[in-house]
Structures are given as structure tokens and as C-alpha cells.
Amino acid sequence: MSRRAAFWLVLAVVVAVIWTFLPMYWTVKYAFMTKTEIARFPPMLYPHAPNLASFFNIFGFDYTADNGTVYKASGQARQIILGIRNSVLVAVIVTAVTTLVVVPLAYVFARLEFPFKGKLLAAILLSVSLPPVSTLIPFYTLYVQLGLTGTLIGLIIVTLTITIPIVAWMLIGFFRNLPPVELLARVDGFSRFYVLTRIIVPMARSGILVAAVIAFLFSWNEYVYAQILVTGSNAVTLPAAMSGFLFQVPEPSQLAASLLLSLLPPFVIAFFLQKHIAEMHLA
Amino acid sequence: MARIELRNIVRTFGGQHAVQNLDMTIEDGELLVLLGPSGCGKSTTMNMIAGLDSPTSGQILFDGVDVTQRSPHERNIAMVFQSSLLYPHLSARDNIYMSLKRSGLSKQQIEARIAHAAETVDVTRLLDKRPSQLSGGERQRVATAKAIVREPAGFLLDEPLSALDAALRLSLRAELVNLQKRIRTTMIFVTHDQIEAMTMGDRIGVMRQGRLEQIGTPTDIYNRPETLFVAGFVGTPPMNFLKGSLEQTDGKLWLVNPSIRMEIKGEFASAKPMKNVVLGIRPHLMRLSEAGSSALPLTVYAIEQLGNEAIVICDGPAGEKIRVVTQAGFTAPIGARLDANFDSAAARLYDPATERVVATDGAN
Amino acid sequence: MARIELRNIVRTFGGQHAVQNLDMTIEDGELLVLLGPSGCGKSTTMNMIAGLDSPTSGQILFDGVDVTQRSPHERNIAMVFQSSLLYPHLSARDNIYMSLKRSGLSKQQIEARIAHAAETVDVTRLLDKRPSQLSGGERQRVATAKAIVREPAGFLLDEPLSALDAALRLSLRAELVNLQKRIRTTMIFVTHDQIEAMTMGDRIGVMRQGRLEQIGTPTDIYNRPETLFVAGFVGTPPMNFLKGSLEQTDGKLWLVNPSIRMEIKGEFASAKPMKNVVLGIRPHLMRLSEAGSSALPLTVYAIEQLGNEAIVICDGPAGEKIRVVTQAGFTAPIGARLDANFDSAAARLYDPATERVVATDGAN
Amino acid sequence: MAHPDNSAPAPHRRTEVSNLSFALIISIPVLVFLLIVVAYPLAYAFYLSFNEIRFFGGYSADWVGLTNYANVLYDPSFWSSLGRTLRFTVETVILTLAIGLGLALILKHLPPGWRWLRALIILPWAVSPYGAGIFFAYLGRGQTGIGTSVAAALGSDQTFNLISANFVMEYLALGAAWNMAPLVAFFLLANMLTTPPRLYDLAKIDQMSHFETFWHVTLPPLRFTIFVFSCITTVLAMKTFDYIFTETQGGPGSASAVLTYTLYKISFVNLDLGYGAAMSFFLLAVILGSTGILYFIWGRKEERQ
Amino acid sequence: QSVDFKPTSGETVYFRGWQFRTDVVQQNVDLYNKTFGGKVDYATVTGDYPAVMEKALIANENLDVLYANPSSAVRYNGGGWVLPASELPNGEEIANGLYPNIRDAWSVDGKLLGLSYFVSTRGCLEVFTKPFLAAGFTEEQLPTTWDELYDMVYVLKDKGVATPFLPHWFGEYFGISWAFVFEVMNRGGEVADAKTHEPKLTVDGPAGKTLAAWKKLWKSGLVPEEVFSYNEAGYIDAFRSGRYVFSPQQIYDLKTFNDKAQSGDVAGHVTLLSGKNQSWGLIDSALYVMTARKGRSEALTDDVKKFVNWYGYKDQDGKFFVADRWLKENMLFSGYKEVMESPQAREAVSTSLMRPEDYDRVLEVYSKTPYPKGIWNVVWSEEFNFWLREKLFAFLQQDLEAEAVINEANEKIVELNKRYKI
């Protein structure tokens, strides 16, 4: 790489990193600040005396600062802990199901020509398009009748209706770029199913992993339905539990702490994902 | 091990015919070479036989059974794609292995087969590389190994040797023929290499613009081309053509044009007189002599030295290019006048209107 | 229009040498043909000259200027890739147009050039198709058009004609040479086709396993191959080799082996006696006669009919394969005994230890 | 593309599972699932939209025909909300794609030792929309925001409020793009990595500039993905609710009251379910209409390739 | 004392609340369950609480007891989803224990909708005394009416205080619209008639004066536009930061502002304006509401009543266990006279103030706080509230005529009355 190119790349990376982290940092720093510091004007660029009070509080522990001030445990702790468990459950199940369902679906739409393709695709698109606000109440009524409110299974079902179409749309684009190895595979005597599972899937592994992560994040972050369907139940998810720090009695520091917490699993996943993306270079 | 029949196959792409009314039978165990100019529909035909593409109309039969609707894997075909298509994410070995995955062979057998196929095409030391790390010729050889490792009902090889040097080509050619004869498998082989076509094929099918022009043994195709196109296409350098008319005098048939008048002997002696006719004669059947004699007067345009022989390219009397093969080292100044002689018994006559060979009384 | 010098170029891939100590100069305006077996490093060399790949060590000079570190941009090279690489989303026309984008020509000029280039390679009616809609040969021709539409400092053509039929090949070959001579551009041309190499190249460079074996005019390469490899690689069918020892008697030099004893005449008559030697003789310089005479005794193994000639493949006295070119239609039963004669003045002697030609007193 | 019979439909069916049946086997269960979960509420909403629903003083549903739909058209708050929705959507789509593409290019060019940065860049996508709303609310407000903080660091005592009625939609769009762009970037990156590297060689031989290389080599294989994401981002932007809800609550004033927000008010605050349902069908129509338009002027072109 | 708290149905009582000191609530519930073998299931509902609860009610979800602001409670009642507290066996006694103005606020058609959770004054005028004193004023000079307040704001401005006043103009549903309502009422006006719900805003009355004062304030540039986009957290933080001198805030937030751990600069320096000459703010309260869930067994309904009685009124010892605790720990005032007027109350509250003497001022403000019954004890209250919110923003941002706004507000009320047949 030439010196000039390297300079521009470094500059671009710096800008990208600032762009990525500044908005998060601005709130997440509150996790380490007291209410007083948060309220200080002009706002502080960084916590001058960082403390971990909020992290203790959201898990239900009091925290005594060096100066003796006691930060009381949050009453939301139970919800947060439940929320973490439920969010992990929902996200894992949704991710698994979405990936299983969507990979063949996307493959079919990306690589095969068949009648009604456009129409079927449109039907899927239609379900992506529905704004939750418009069907929330009927939806809720349906769920009450089926006894699905306040249950994880109910939340999983509704989350699938979000992830499946979106991830499908994304994967279609990905599959279209693969080289035409089906020709080869079919001459090698493999059935369509085999071609899909043993040839396309390994080739598209990275794309599929990305898709899985997307499904994970969509369900991990789902909030609108969660707040309607599972708040106030044992099936509460982390986003719903967290929002308690936002409404009614505001706790910016605890909100920031739990937001930071909610970022950790995606962070871990993203970290492992990027290795797979790098692997794609070989193809 | 199948007799492959194509019945009136048509394949159009957006209205344009890539293959037109193709009727062709490849006998069980036969090696058919498909020859034809670029874009004439060879690969399209292969794809349809393999079941990768469906004819717009027409039928494909394997051993008399209509397989037009059947999937590739029901046809049991091994194929080398023109583009040496390989799985990009697999090593050469695994690429070859994919062909055997469904074979039901034991692991050892498979390994032995792969080793043998790799040996045959000389890629043993490349087996662990991925396609992107192979040279063009190496990729082609791996693709070939992938095909020959199987024992299919039919081999379809679409220019499998085009990126190889002469020596390797020679040996692979022999290997392929040997293999085909040994396991008596039907094979269709696309090539643009005349020598390959002549030496390998039990029969040669010459295609042009989606149609089959002529199908026959190499000798037939070379010595008795039925259309002007085949005559001009097969043979390096190609056949020379002279225009003229056929006149009958003294019960003899004469080719007449402003600069020549020669008696037609042999096969065509019994043809009918006609106004326009084209006489074709192979360059190596012509002999050069100094200018001044009675034969075809030529002007030297260029001389190609091929090492073992030389090709003298001349302007004919009517401006047509006439090539004559002569011994290596032959020289003559550009623009020199020469004369050429040939035995009309070795020549062929074509009707320029139909582009087909002129009818004779004798069986043709 | 550049003199291209390669100085001690090395290129390794993961420890393996693809190109080794390559030293080569292509003169300004010269047409160099690169010949060599599959995987010998031709494409790698081309890539490095174009600047697409960097040598592991060594220098590349254009007109004496070191361009090793320069980008392809700055080298002004037109190239046809072995895989007929084209932009998949662009029509043939736009693919060709991309080459001229930076030329600063007016729109009309560009159009005229494209039209002319397309005409030259006969793809005019395909200009609106995309690469995926073209046949293999058509793609290759578009890739060629894309190169010749420019007037670069150098042309690098990596097997640009490999997927074409003989006739088209013939005409394109002529067009390319014509173009190169007309605009006097340096051109490097990779081919595995002997005829192409012989007829087109001002000089031929023969590569083997990443090294340059010999570089010289076609006649030199054909008639005076300096290594066993070149001798065996160039020429179809390849040179025949006889093993033996060189003995000196009566001031004359003899090749001796159990079945033959012949006097060495010509160039090699002044060589030193040596224990092991290989004599090479081209198949078309041998003549067959009935068995019984004094010359080389052979057994017929196979006969290849090529239309204009026949190749008789025989087993030699020591089991080596000996090929003899004879007239078309020659027949003999397989296993028949034949004898072959040749003029030893036309033969070459090689030292099997060094694989190089045997030194003589005369200039070699 | 992939299959030789792409440009012309295969005239015959195969005995093996045909393309169609294979496609149906795979997609029908999914479609049925979606149908049940999505269609029932949709149908119910459709029914509601022709009624006037009352909860107070006892539940009642009076059939009013198309009145609700007609009323929507006469409702100025519908039109102003729609305007904001469109503004937000267009801006979000453009910003998301542009930033996503930019990030993808950066990620692609990272030298091997720096690849871990990819894991960082995707992080904004890990933030839920409502989280993003919180982030950008704190970031933008004069009281707590970056503008004021930086100004103070530079010695000014001015406050800088980024959530102003004048450009709140732009600010929201920026935040939405921040949230969404990494995903786009990753998909584009995945696509870029499947482009044959040799094409870049070809571009070099053609002496293309960086931009031309980008345009002719990098971009074409991305175009379908970009199209897909234009659709997805359009849909998501039009559906956005929680993000705006946490960031501005439709404010300042009603400067960011997009259609979903207005719908929320009608259905959840006013409990005017019939009217809300009718208006939501307008929103649905707008969403489908705009993706439809995208498809017809753009997507079809991409699909043909 | 004859109340029996022991549940008999064996079924679960579902109790849902919003997120405020949920730990305390949980402890209380646990205590009840332990003491009486109850099966009360408590959980917090986060997010847009009234909307979420309304949906649960519409769908007839498992929900027995919930929190509600009076305006929501009135709506729930309008939907027929509420079991009024009057129907408790000791309903009358409970009603009589409340301050009359509060009982009035929580009743519809003579029915008491729920039991006291908390009562507070929102919009009580609080002052950060430091800058005020620094500007050369004494505490005696603190304004006592809205007009005086505005005058003081401009004086402070002239003295170089950049942001003397943080108006109650933030973006929540209890933000700017409430500000208007309480200012009108503090100035002696009324938005709508308490009985007939007829509109009563006048251009030359309190409403006109309020809007005129607002416009002047907005145009003076003393109020940063960002206030419009605050949620409650932002609003509290803004005052807590010490940027502002005056601001209408929750009365119980006096505790927050004077708490060193929560509010650095302002802690110990925040007091409230006296309510001698007028009231400040309005009643912001919440009740425990029982639902009239369909299909619930008689026995369970009884259990619900028993639990609510214990939780929202007196325990087995006749003590206001929950209410006392709220008051002591969080300065949440109660609607029950007995709770508020106890010495423990004074003691508890005084510690949370700038100085103990402020307690009298608190009680003074508290007892006078008005309640906009005309627009809140009516099912369209939230709808009007949202409309008003947007209209007021528009009034400031788009510089609308005060007269037009007042007329439109009146028309809106008339229209809503008509639509809901009131």
C-alpha cells in the first residue's frame, strides 16, 4: 500500500471509529457517573471519578462509594436478571430457527428460476412491510385469546415474523453472487437438497453467519412487541426491562449501565464473526 | 454406456436460435467430436445433453428412453465445462472427490481412483491447491480429472485441452481415447483443434449456426466434405476454392473460368453442366512449378514457415487466396509468379447456391 | 512501444517457485511468443510485466526505466487474460469501451475504434450481449477486441485464441501480427499452439518450471533447439530421440547403440566422443522403407491419419517411441517391421546429463 | 448468471422436483406461518377500519363504511405526519446506504492485522432502536450534548441543541443511519469479497481511476444488495416508532411526529381504533407503494441481470 | 378493624405497577403474601404505562390491581374496566379518610375509583437560591405569584443571569400542556367546568394572561429550545445542573434536589415558593385501581378486595403501612389526612428539605393545589391533553395568536364533549 493510500485509510478508520463510538460513548459514560455528574452543566466529556455503582445497582446490590455515599440497589434488578435470561433464550432460538428456515428460502429465490417467483417474494415483502403499530391491538387480542401473552414462545413467534423476511431478503442478495457451481454439482449427481446443504452452505458460510448474527441482533433488540407482550411478566426481555430506567423515574446511569450490558453479547458475537468474514477471502 | 439421440432439438435465447433442429445420434461407446466455429452452439448442445439446460423443443433420448425431463443426476453424465468450472472453496482433491461422493465406493477405492485420475492428467502434486492457486492449464486438467474419475454413461468434454501445450495435449488425448475405449463409454468431445478432431473422433459432427452440417468419420469429413462450409472449415490450411462454370464438351466435363480450363475427372466426372460452380482442392494436393506452364497462375502473397513444411499463400487469378503446402525452406520473393498443378480427380465440386456438393450419378 | 527487460525475476508462492531467475529482454516493437508447458510460469510472468503482481525479487525495466514498483496504470499495457476476463455487468461494447475511457479520444473516434476492433475479431453482432450470454470463444474474442482497441506501450496476450476454431484463429492471428507490425508495439503472446508460435513470433521464448530454456527465432527454436526439453517440446509430432554413445573412429564421429551405427555428419561432426548421448531427429526428416535395409529397425505401433499426412508411431529398438511423418493414406499392419532412414546432418546431439546440446568446435 | 436457462424459462418440467416444487416445498411453510401470524391481525385491522369503535360507555362497533378512510384524507395531521415520514425515510435511506457503503469500503481495505476493527464497526447495529434513540437524545440535547460540551471545552458558554424543530428530522435520520449502516456495510462487504479479485486486475489494465474501479468493478455486484437494502431501509424507516419515541417523543412540538407516532396517538391514546386502522392502511399503502416504485424503477432492472 | 385479609380462592391476584421503587413494592407484597398466605403476583410494567395497561384491559388480560393516574382511571372507568373502591366493604370509611379535594378528584359520579397511592404537586415553583441570593436579592423578595415570577425573571436577566427560568415545557404528556393547565388554574381560572365539562377559557382572563406571558418569555430567548425535547429525566437534570434559578417541579423532587448524592451543586439550596397569594401547580396523583375483569370468580374478586384494602389502606394493625413507608422513604404524600397530619410525617419530610421550616411552606402549597376536574375526570382527558400539548408547542414555535389558540381549545372541548356525548 502506498504511503498516501495508507494515510487516507488511517484517516478513514479514525473517522469511522469516532462515528461508531461517539454516540454510544456519550451515554455509556453515564454508567460510571453519579446523577450529579450527569446533570452537571456544561456536560462532562468523561467521568472524572468513574464508579461502578450502577453496575451493582442493576443487579440488585447496594454500592458504597469511597466517600461513604450509598447507592441503593435498583428495584429493577429482578427484571434485569430475568430479562437477560429471556433475551438470550429468545435470541438463540430465533436465530437458530431463522437461519434454518431462511437459508433454503433465500437460496431458492436467489438461484432458481420458477413461475410465481416474483409473487411469492412480494408476499414475503408484504409481511416485512406491516407497521407493528397498525396491527398491534388486533395482534394483542389474538395473543390473549391464544394465551400467548407473557410467554416466551409468543415472543419468539412474533420475532420470527420480523427476522425471517428481513434476513431472507438480505441473504438473497448474497447468494446471487456465488459462482455457478450448481452446474458442477448437478453433473456430479447431487440432488438439489444436497447441493444446497453440502455445497452452497459451506461456500456461503460467512454470509450465513452474518445472517445469523443479524437474526440474533434483531431479536436481541426487539422492543415494540416485547413491551406490549411480555412486560410485567416473567417473560420480560432485557430491552423491555431496561426501559424501566427511562420512563417514570429516570435513572440515566443505570440505564447506561444496562445498555452497555446489552451491548456485550453482540460485541462478543461480532468479534467471532469477523474472523469468518476474513475467511471469505479465500473464495 | 448409452446411445444418445437428439431429436429435432431447438434452443432459443430470447428469440435467437442457438441450436436449430438438431438431429444427431451418438452410438453407444462412440467418441463423437463436435467441431464448429465459435458460437455455433456446441456448448449449448452439451448443456442440454447433460440436462443442465432444457431444449425449447425436441427430445433427448438415452438408450431410447426420453430423458428430456430428467435431471442431470438421473442421466449419469460426467462433464468438463468449457470454463473449467471448479468449486472455488475446495481443494483440487476435494473437487475431484465430489464426483465420486455418490459412487458408493469405499474410501480406499475412491482414493485410488483419485490418485489414478490425478496421475493421468499430471496434477498429483497440485492436489492440495485451490482453484485460485492453479494456472489455467492446471485448472483444466483438474476439471478433466474430475470427469474421468467416474465411470458414467457418457462423457461430455467441452474443450478440455484448449489451454494445454502440445506435448501434454498429445498425451492426454491418448489417455482420453484409451479410457473411452477401455470402459466403452459414449463420449462427446468439443474441440476446435483439427488434429484432435481428426485423430480422436470415431466420427466428427460439424456444426454451424446451430445446425449440424455434416456428421461422419474423420476421413469422410476431410476427404468428402459435403458442404462448402465443411470443406472450408476442416483442414489446416483450409481447402482452396476456385469459381467457374461446368461445361460439357466431347462427353467430358470441364471447369472453365477466365484463367483455367481443366477436365474434371474422378467422382464428379458424371455431374451435370452448370453455370456457377466452386471447385475445392486441398492445399497439400497442389504442386508448385515455375510460372509459364499451363496450370493455375498464382502470385506469391506470403510464405509461412512451419518448420516441417511451408505454406505458400498466393493470390489466385480471380483474387481469391490460394494456399499451397510445400516443403520446408521453400522461398520465393513476394509477388513472384508461380503456377500450380493438381489432379482434378482429387477435387470436389460445390454448388455455390445451395453450398452443397454437386450431385453426381455415382453414389455420393 | 517499449523495450521490456526482465532482470533476474523470481516469484514464489508460499515457498514454491513459479518463476525462477528469469532474465529476458523484449525489444521495442518485437513480438515475443512465450511457449511452455502448463504451469511453467507464463501467466505469472505476464502478470508481473503488467504490474498486477510483484516479483519476489528482480527488476522489470521499460525502456531502461525501472518500473518494478510502478502501478499497472503507469505502465500503459493492454492485456488479454487467460480466462477471458470481462466485466460481467457490462455489454461487450461497454467492456471494450472501458479500455478507451482514459484515452481522451472523442466520442466518434472511440466509436469508430470499437467498431473496427469488433469487426476485426468478428463480434460486431454480439456487441450488445453480456459476457454471460456469450460462448467461450466469443468471450475470448471480445477480450481480444478490448486489448487491440488501444495503442499501448505493450500488448500482453495470454492465450487469446485458445478457444477458437482453426479458420478464425488463422485470420485473427494474421490480424494481430498485422496490427503489431503496423503500430510497432511490443507484444508478448502466450500460446500453446506450435503453429501459432512458429508463424507469429519474431522470437520465441520457451519456459520450463519457471525458467527460460531458450529464446530465439522460430527457425532457431525449431531447427536448433538447445536443450532436450525444447527439442521435445517444440514441433508436432515432437522430435524423436535415440540413445547411444559417441565414438570416434577414422577421424569420423559415430553414434553407436546396439541396433545402429551411423556416422554423424554436419554441425556435430566435430563433437567430442562421449559415453552417453541422445540423438534427436524430427519425424518428417525420416523416411520409411521396407524392413531389411541397413537403417533403424522399427515396429509399427499405431498410425494417425491427419488427412494431409499420416503419422506412423513405432517402437524403436530400445523400446522408445519413434514417430515418422509420411504421406496421407499410408497403411501398414500394426506390429509390422519397418526401417527408417535419415540424414544425420539434420540431427542434433544432446548430453543427457546436462540435457543441453553437445558442444562442437564450430560456432553453435 | 448462474443457470443457463435463466434468460429463457425452461419450457419443460422435470421429473425430479422441479424448480417450482422445490421452491414451493421450501417457501410454503414459511409463507403459511407468516400468513397466520401476520394475516389474522391484518384482517382484523381491516375489519376495524370500517367501524367506529367506542370503548367508553360500553364497547360498541358501528359500521361506518369508508368514512374513516375519507376522514383520513381530510385530516391535516395525517398529511403533515406523512410528509415527515417521507422526509425521514428518504434521508435515512440515503444516509444509511452512503454510510454503509463507506464503512464497507473501509472494512474491505483493512490490512489483515486490523481486521478486528470489523467487530467494532458493526457495534452500532447491536444497539436497539430505542437504545439508539436514547444515545442520540443525550448526544443532541443542549443540556447534555456533545455540541455544548465541545463548545465549553473550547471556552464558549453557548449551548448547542441538535434536536431543533428546524432539523430534527435530519438529526433523527442521522441516528437511524448510525444504527442501520453497519449492517448494510457488512452485507456489502460480504458481497465485495465475492467479487473475483482478477476483475481488479482488469481495471488496472484499463487504467481506471479509483472511482471508476469502484463504479465498474466494486459496485455492480453490490447493486442488488443495495437495492434490497433500499427497500428494507425504506420499510424500516417508515415503520420506525420506538426510536423516535425514545429520542424525541415526536417533538420538539410535533416537529418529528411521523405517521407511526400519529397512529400511536390515535390508536393508543384516543383509542380510536377504527380511524387508526384506516390510517394505518394508508401507511401500509405508502410503504408498499414506495417499495413497489423502487422495484419497478430499479429492482426489475437489477433482477434482469 | 374487622376486615379479614386472608385470601380464600387460592387463585392468583395479578398486581401490575410502573417502575418506581419496585423493590419496596415487592417487599410490601411479599410481606402480605407471607402474613396471609396470599398469592399476589406483582410485576413492573415498563414503557408507556397507561397505553400498555389500557390494552391489557381491553383484552381482558389477567390483571386485578394496577396503578393509575386519575385521568387514566377515569378512562378505565369509562371503558367499564374498573371496580370502584366504593364497593369495598369499608368503602365509605376509606372515602371519608381522604382530603376532600382529593376525594373529589378521584371520584366519578360519586364513586371513588381507587385507593391512595400518592398525591403530589406538580408544578410547585422551586428555586435554586444560590444564584438568586448572589444576584443581590433576599429570600423575602422571592415572588409569590406568576406575574411576580415573570417580572423577577427579567430582572435577573438584566442582572446577567442567562437562564433564570426553566418552564414546564418539556415533551412528556404531563409537560407543556399541564404547565398551561396549572398556570391558568393558579391564576384563578378554569379550563372546563367541573360538572358540565363546558369550556371556560377566556382571552382576557387567566388563559390569555398565561399565553401572553409565555409568548413574551419565549421571544425573550431566555428559554432554550431544547426544553421542548426533554423527557422528564432531562427536565429534572436540567434543573439539577444548577443552570436555572426558578422552575416548576414535582414537590417530592425537593428531596431529590436537596440530596447531595443525587444533586451536586444545587443540593441544600432548593426551596419552594410560598403559596400564600395563589396556588402553584396542580395535583399529580395516582391510585390503586381494581379491575372489573370479566370471568373472574367471586372468591377471587373478594381476595382482590382484601389485598387492596391492606395495601392501599390500613393493615391488620390499623396502620397505613404502605402509605407511611412511601412518605418516609420517598416523600410520597398520601391522600389520607391521617397519614399526612401525623408527626412522623413532618419529621420524615423535613429531613428532605433545604431546612426544616420549609415543611410549612410545603403543606401550604400542598393543601391549596387545585385539580382540573373539568378536563380530567372525563374520558377524553388524554386526547385533549395531547391535542393541547401540540397546540401549545405550535403556539410558541409557529408564533400563533393567543386568541386563536384559546378559541380552538374551547372548540376542541366542545367537539370532544359532543363526540363522547357528554
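As written, the chain order gives the labels A, B, C, D and E, with residue 1 at the start of each chain.
Following the convention adopted for this analysis, a residue touches a chain if its C-beta (ideal position, glycine included) is under 8 Å from a C-beta of that chain, and two chains touch if they have at least 3 such contacts.
Everything numeric here is computed off the predicted structure, so don't read it as measured data.
K.L.:
Touching subunit C and subunit E alike: which chains?
P.N.:
D
K.L.:
Centre to centre, using CA atoms, which chain is the farthest one from subunit C?
P.N.:
Centroid comparison gives E as the farthest chain from subunit C.
K.L.:
For subunit A and subunit D, let me know how many angstrom lie between their CA-based centres, rounded off.
P.N.:
15
K.L.:
Between subunit A and subunit C, tell me the centre distance in angstrom, where each centre is the average of that chain's C-alpha atoms.
P.N.:
Spacing between the chain centres: roughly 59 Å.
K.L.:
Roughly how far is subunit B from subunit D, going centre to centre by Cα mean, in whole Å?
P.N.:
Spacing between the chain centres: roughly 57 Å.
K.L.:
How many Å are there between the centre of subunit B and the centre of subunit C, using C-alpha atoms for each centre?
P.N.:
The computed centroid separation for subunit B versus subunit C comes out at 23 Å.
K.L.:
Quick one: which residues in subunit E touch 2 or more of the other chains?
P.N.:
48, 55, 58, 231, 237-238, 241, 243
K.L.:
Name the residues of subunit D that each touch 2 or more other chains.
P.N.:
Counting only residues that touch two or more other chains, subunit D contributes 1, 3-5, 7, 10, 16, 143-144, 157, 221, 264.
K.L.:
Please set out, as single numbers or ranges, the residues of subunit C touching at least two other chains.
P.N.:
Residue numbers touching two or more other chains: 83, 133.
K.L.:
Touching subunit B in the complex: which residues of subunit A?
P.N.:
Subunit A reaches subunit B through residues 179-181, 183-191, 199, 202-203, 282-283.
K.L.:
Tell me, which parts of subunit D touch subunit C in their complex?
P.N.:
That would be residues 1, 7, 196, 198-199, 201-202, 204-209, 212, 216-217, 220-221, 223, 305 of subunit D.
K.L.:
Residues of subunit B touching subunit A in their complex?
P.N.:
So the residues of subunit B touching subunit A come out as 50-52, 71-73, 76-79, 81, 85-89, 98-99, 101-102, 130, 132.
K.L.:
Across the complex, what residues on subunit E touch subunit D?
P.N.:
48, 51, 54-55, 58, 75, 78-80, 162, 171-172, 224-226, 228-231, 234, 237-238, 241, 243, 379, 382-383, 386, 390, 393-394, 396-397, 420-421
K.L.:
Spell out the residues on subunit A that touch subunit D in their complex, using ranges where they run on.
P.N.:
Listed in rising order, the residues of subunit A that touch subunit D are 1, 9, 12-13, 16-17, 19-24, 26-27, 30, 38, 41-45, 101, 104-105, 107-109, 111-117, 120, 123-139, 141-142, 157-158, 160-161, 164-166, 168-170, 172-174, 176-178, 180, 182-183, 191-192, 206-207, 210, 214, 217, 220-224, 239, 243, 246, 252, 255, 259, 262-263, 266-267, 270-271, 273-275, 277-278, 280-281, 283.
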